[in-house]
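Contents: one structure, followed by commentary.
We call the chains A, B, C, D and E, going by the order they appear; numbering starts again at 1 in every chain.
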């Protein structure tokens, strides 16, 4: 930050307030409260142990990888409701391609093929949205139907089932699968992927020209185009990125489990959006943070997994999840407003 | 329309183009195409019969009642993802209140109580959105979890199951249930409700001061507030209206079937949004039409039910639905652009 | 004129259990040389199901096959079909109400009884504290399986709701439940989508694990003795038999005398798992 | 005479930003009160406090001697204050006539229902726009397709039509052509003669001088004080608005530039500098 | 001399709306070409066609004698045309420095990566804004919290900084104070002396006269023709901009108003009418 000359039109402002102005930092308060709640309510039953921590981190990781890409897309002013079914498509495709009875390919090769296909779908999503000028909400809603439908259709055509299991052996042989299923420093690979994806994308957003374009394309596409931002290219790239993130999540799930089913990933699209919003992204685009989306994913995962450790009757599971989400965003919002009333 | 003085800055424009400028009229093209497709592909197997027509009209009616309210809410600049679970809550509540084993109330009384409760939830939704300034997407997403969770929790607490069935006798006794289950001129009550709700809400939107405020509140709340529109009141009313529409749908379903299930209405929130968008509503608010939402609902219903008459395999059902939605919106959009390139 | 039969079930096309039912339907259609259309709602949705049955009736088929998870909700639509002179056979659920609704034959198994059987089996294996993993809370068929299970076991219900599309979430939820309460010594899942992740969650733990319905991975686990049993309704038959019965009924007016045909519950255990593996891969079991 | 509207020690903070500090101001009925000042001086913030958009952080507003609090713009409107905002408060997707009447819809009774009188709205919008010199093609046209100046005219026509006691105009002429500006100035005078208090923000000294009775100059959120027209000359006003020294420095600079490239630019530059110096 | 940029018979239609019709125009290097005209005359549409936002419906644009097609604003920018749009093209939620460099980010190499040079951006934004007379508090401040004039200054500073051959300014001074306007005029002269072609849209005759070399007047989408400064007087220009007769009618009207209430308003009114008549 440049040296600031003091200006009589500025009242003093603390570092703390400056921090809270960052889009993601409000959500940390939500995280603290949610974590605190479960530490108290469920600390005794294993929530605070290493195993418990790993448990929710793993869930957070998968959502977080997705949310990082979805957050970028949201900042870029678009939505992708098809990302959940993309996970299912990628998972099943990868599984069928490597399954000894069908494709029989090494898993690394099928990962590459699947990734290529996912990028194609992402490109198509973006192309369609920009070509038609239709809202991405409705285009990707239709794509969600098409993808999950085609997934069922093809899978049944090939395997007669909607589940592809029994990959175990072909996985064990492939060294690449360690990249998705291994562990490092006691944490599963997914968590490292999460960290990596979040940091890289956050860096892209904040430190590269492309990041600036994302903000521009989301904030006001007309204005951005008028000053020379290649809005089309930016948005298409973001759609492709989102599809790629879905493939990574699918790879982690398939290689971890040795099986895939067509329902995989269902509903993840809304969870990823929720994580991004909790983390400070605006639904209207042009504002948000990748780190925030990561924190949002962590909050959701802690709520989801933490409840199992408490004594709450699980019939009320969803009420708790909803209440916690609401509490977290309200708190986050309130704190941000409290510390800084700059914007209307 | 006032008398128009001819102006040399205006090129002549045909009535046809003028019509296509209306937000809903583009969607009629989508309707024609979809209907045409099924008339050809499934005309022989009963789609075109009276029973077939009644069948998809009934499906359209329930979605349409919801979509009319959701469209108004969207024009008013807000979302309600909780409206699907609101249907479930209202249905189960009504059923439990009138079930001989539990509430034992006359169905009309339980309808009134449920409606009151729904209005309260709607009010709470609106209050929360406006009070916190959070996007309605995230607030009502949380509400969706809370409502459907509470629905499961309470229903299991009271009935030990997630279903409440066996209302038949208490329904037959109540004359009011005819309002929701009867038929008039061969069409089921739901269809008449649909027509009524659509016409009344469309009239409110286009012909009353309140309708003008809805456009204002959605188009730019700050600007609208600055010129004196009571934005808060408008939005809260719309949230309440949406909850009320959910209750009407629930009433039609419960009284028609004599049973209720906690999953009822799940996913309807997205369908209603899709119907509204197909019908020309902008997701960003400030623009759209209630009639259009009704046409959107009809398109979706024809696609959903029409496929039953074709011999498309169930495995590919969703692909068809997705493809049809996409086709309808693209066509609609294309025609609108073709006829009038006024707006950027 | 080829015979046309419409099947309306409450289970989604994507569900592994129901995809086997559909395979049975398709095979029967081929074997009997009839045209069959299979329809189902996207989620457990009685309103949609009733609408689908109505549409089926409107399309005037030669016969209809339905599942009846909620007799009250479907009563009107089914009786309408019967009144319209369309022969109806029910499958999977609804054995208790089928006759009352005018259904010719019921082919299936009651969910509650199957759950009860699972519970008794676990009790016999010495299980004292079990959990039931429900991947679609609100689906009455699954509710009944859990309910029967705990009735058979004679313990307080302890249901863990999980999300069907999230294998890692399922795995970790079960891991969390086991960590919280180490006395848990029995796990029941309600389908292979949940069973496979749970297999990982219980790896290395000593407890009795059973599931509803089969999949290649489940059978492999059975043969490796990682699981105690899998309950098999032989749902292939629930799809296959109604078509055969109806085809013969429409063609020749023939009908079995027994109006409830039970297809299960059959228990697959480590002892007999090997012989089923091949069939499972073909989508028959 | 009690002022129509009075501000006493009004301050407004946005978080750390001090937008207004201890402003005193009095506006009387039948006067045009010009609010002058550099960009960012706080003029818009001040009128937003008067029209209920912002609530002052400190200080009190009085209307006809009574302390008032405007909780919302509607509140202020109901008390007779009509405002043209600098950012116009227009809805681009809505038609001209609906925008014109947004928040104050003309009503007609049809049986038991109160309806929006669309025909009346279209007619009035067309007429009022015509009065201001804009002949709109079609009152149903969305405002988003109008040019900047046309849009501004809609906002002005609306405020004038609804102005009851106080009319506030935030840079109403900035996007307008010469002709249209003249019409707006005429409107301001008419409103004043009808006994309204008019608050008029402008950067154009000529416009301010042509219609203003009283001038309040803001600088960086503080008031330089209020002057009557009789008490000042136009040149003094210009000095106040621009902060004389800076202008002189500029003239010197322009001269320097001109010297760098004397052949082509000298005369033009000189003339330009002169130009800038003298009338505006 | 070949013109830097030339339009031949350019027309632009929006559906039924005829925004421009058969416009011919030539802009040379080292000249300030003023585009004048009423509200809605088509000035913004014309410059949008020049900066790649719209493609002309008919006609052809030439740059240095070569026919060109601008497929996008980026295209035009790459060919050396920088524009300040009337609606500014600013992103309210983005910081000043990021807005300043949006689309033309300063880059630095760190190992194999090309990064956005935030420090450089902040410094340049601050400096360029200072040059135009605005001392911004913090280059990280979102543009949405700036006053209208401050925002305008960011847009101008940006275009000037990036202007390569042609600089287009659509009413850049409309929201600016006297002082800031003077700075912008100075900028325009500087750009011209550096050999750029400048297209300058304004409603302010003084501003146009101060810096303009050539004037093109648009009226309802058609061109009234192009005039050199030498060929006209300021009064003629004013007449062209405002359409003389109407102004006279206005003066009469203002007199009438003044007569209705002669006691209080007579002199003021008279003066106002005079004022309006003479310099602006």
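Just so it is clear, a contact is a pair of C-beta atoms (placed from the backbone, for glycine too) under 8 Å apart; a residue touches a chain by one contact, two chains touch by 3 or more.
The chain list, named the UniProt way, goes like this: A, B = Xylose transport system permease protein XylH; D, E = Arabinose import ATP-binding protein AraG.
What you are looking at is a predicted structure, and each value in this text was computed from that prediction instead of being measured.
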item	value
Label of the chain whose CA centroid is most distant from the centroid of subunit A	D
Chains linked by the largest number of contacting C-beta pairs	D-E
Euclidean distance of C-alpha centroids - subunit B vs subunit C, Å	33
For subunit B paired with subunit E, centre-to-centre distance based on mean C-alpha positions, whole Å	48
Gap in Å, rounded to a whole number, between the CA centres of subunit E and subunit D	22
Multi-partner residues of subunit A (each touching 2 or more other chains)	9-10, 148, 152, 156, 222, 282, 315, 317-318, 342
Contacts with 2+ other chains: residues of subunit D	14, 17, 87, 137, 145
Per-residue overlap in subunit C, given as positions that touch at least 2 other chains	13, 22
In the complex, subunit E residues that touch subunit D	14, 17, 30, 37-41, 44, 86-87, 133-134, 137, 145-150, 152-153, 171, 174-183, 185-186, 189-190, 192-193, 203-207, 209-211, 213, 238, 241-243, 246-247, 250, 253-254, 257, 260-261, 264-265, 268-269, 271-272, 275-276, 279-280
Residues of subunit E touching subunit A in the complex	51, 53, 72-74, 77-78, 83, 85, 87-94, 98, 101-105, 107, 113-116, 118-119, 122-123, 126, 135, 137-140, 142, 144-145, 158
Residue ranges of subunit B touching subunit C (in the complex, touch as defined)	42, 45-47, 49, 51-52, 54-56, 58-59, 62, 152, 160-163, 165-168, 253, 256-259, 261-264, 266-267, 305, 308-309, 311, 313-315, 317-318
Interfacial residue positions of subunit B with respect to subunit A in the complex	128, 132-135, 137-139, 141-150, 152-153, 156-157, 222, 270, 273-274, 277-278, 282-284, 313, 315-323, 325-326, 329-330, 333-334, 337, 344
Complex contact set, residues of subunit C against subunit B	6, 13, 22, 35, 37-40, 42-47, 50-52, 54-60, 70-76, 137-140, 143-144, 147
